[in-house]
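These notes open a run of structures that come right after.
Both of the next two complexes hold chain A, though its partner changes from chain B to chain C.
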Partner chain A sequence: MVLEVDGVKLETAPWDPRFPNTNQTKYCYQSFLDYQRCKKIRGEEFDACQYYKRVSKSICPNAWIDKWNTQIEENRFPGNI
Partner chain B sequence: MMKINQPYFILNLSPWPILMALNTFNLMISNIMIMNFKFNMMSLMNMFMIISISILWWRDVIRESTFQGNHNFYIMNLIKFSMILFIISEMFLFISFFWNFLHNSLAPSIELGLNWPPKNINFFNPLLIPLLNTIILLTSSFTVTLTHLYLLNNSKKKTIIFMNLTIILSIYFLMLQMLEYNQATFTFSDSIFGSSFYMATGFHGLHVIIGTIFLMINLLRMMKLHFSFIHHISFELAAWYWHFIDIIWLFLYMTFYWWNN
Partner chain C sequence: MTWLKLSFQNSNSPLMEQLIFFHDHTIFIIIMIMSTITYMMLFIMNNKFINIKISENQMIEFIWTTTPPIILIFIAMPSLHLLYLMDEIKCPILTIKIFGHQWFWSYEYSDFSNIEFESYMMNDLNKENFRLIEVDNKTIIPFKFNIRLLISSDDVIHSWTIPSLAIKIDAIPGRMNQINLFMNRPGMYFGQCSEICGINHSFMPIQIESINLNKFIYWIKNF
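This part shows the complex of A and B:
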């Protein structure tokens, strides 16, 4: 969704038909995972990776992202990156 | 005295039902003691009590049926239907383990990184020991059927040979299962994978142990000539139970071992 208020572009994660339920936990996790995979292959600055980063940032709670980043740093993240 | 104008056997007064009920309640309390306080003396004493009561209760049933001849065909029907109900309730016990496994593996949670099996779980090859175990259990089902055949044909020697073979196969199964548990690289506490796997296969193993004891007691009773070719209900129930355990193993093998890999 993109919304313009007083010339400022407000943007949040779009509807994703893979995650039709009210509970969006897996949308958050999948986007985070996709961002990490994209980052690994293309680097942090790559344009297409920014989309996943934005989606995970708007859907996931900050505490979760912090936790997962710590897990990645300590090499104990359970997902396949 | 038993009334002769009705077909049912009126039981004598017995202490075992109330004692068994009290001990089953005690079992629950002692499980709480293990889980919360790591205190297992109570559970051990309770197991001893339950096993003693079971032995004495079944001794009484053997006396009533074999030596007093109180189990007529009406009673035999009642006993068969009770066994069917018992096996159905056991099926639902295992359905709950399968439900748990499928619920957790078909849509793995984010704590597992949406992976099944979870990362760093080295599952064993289902075509090695588990497949051998499948063959062993199927063979033991076959030998138990042969036992039945020879029992119906009144051939004592062959009956006992095939009953022995069945028991040997079941012990072989248990030993292989123990070997595999010892060699496994993951434990009960290794995520939902380890918990659901050991819960289901462990309960199956427990049922194999119970079924083996059931078969052993029937072997003893065969050697003591308790059974005739028209009245051997205890053996028939043991055979039903054995086939039930076999079928459960087939489903366990298909989902927990084969599909899981």
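This part shows the complex of A and C:
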């Protein structure tokens, strides 16, 4: 559901059938990983990559994203990008 | 003190209304059972006669074995219905991330801008404040919309609770827990940490300010 009021677009990560439970930890990790993979193949400006970026930003705690970005910079991120 | 404190707080979400109905329904059944049992016990205790027909009476054995499961079905069906309804998430327009800390809550609104704030218990006592329940930075949430709450923790297990909205969900470090929030009307709603989390467990209250969408957008723009 997207709602636009006074120039502010209210849009958030949709319900994902892969993660139907209360625990959404994997939704966060998976969308972050998808964004990194997408970025690697298509580049940051690609539209579909922006979707994953938005979802991971909505679902992941900012502290986790910062931590993972540092790990990627220092080449010690455990995920398979 | 008012009589309200003996019962639930006024409900502010459809789910809490249903939970109150379910509570009343169950209490009604319990009272019926309790009064029947009490009557039967008093009757037997005060009766000097021994009924010859009570032993080897297949019919009465059959009835008092089959009725309890049937009564239990009438409690279990609405209970399960509500249990699964509480897990449901319905196309949210907003995601709010909530983190428990020792001993305060912090909030992140990161769908459109990067709003982050911490909410501590208000310490100064005056006539305008509620003691031990008011916070310095209130959580502003629009009413009549489905909101996704994601709850996590930075240190130990906490629990984020708003009784009038039927929300109680544990904040577990390293895990994001999701719950749906829908509010019927504007107002202030209060809650407290519900998982013993250390020495100041009682002093990390939760305060929600429910406002309409336009005011919410105004708040976002001017944060």
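Criterion: the second predicted complex is superposed on the first by the 78 of 81 C-alpha atoms of A that agree within 3 Å, B and C clash if a C-alpha of one lies under 4 Å from a C-alpha of the other, contacts with A are read in each partner's own complex, and residues count from 1 in each chain.
Here is the rule we go by: a contact is a pair of C-beta atoms (placed from the backbone, for glycine too) under 8 Å apart; a residue touches a chain by one contact, two chains touch by 3 or more.
Being a predicted model, the structure only gives us computed values, none of them experimental.
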item	value
Combined model on chain A where chain B meets chain C, clash or fit	fit
Chain B versus chain C as contact partner of A:80, first or second or both or neither	first
First, second, both or neither for A:33, with chain B first and chain C second	first
First (chain B), second (chain C), both or neither touched by A:25	both
Chain A residues touched - chain C or chain B, whichever exceeds	C
After superposition on chain A, the shortest CA separation from chain B to chain C (Å)	9
Intersection of the chain A residues that touch chain B with those that touch chain C	25
In the complex with chain A, residue positions of chain B that touch it	110-115, 118-119
Touching residues (chain side chain A, partner chain C) in the complex	1-3, 5-6, 8-15, 21-25, 27-28, 54, 57-63
Of all residues in chain C, those that touch chain A in their complex	87, 89-95, 97, 99, 108, 110-112, 114, 116, 146, 148, 150, 152, 154, 169, 174-179, 213-214, 217-218, 220-221
Interfacial residue positions of chain A with respect to chain B in the complex	25-26, 29-30, 33, 77-80
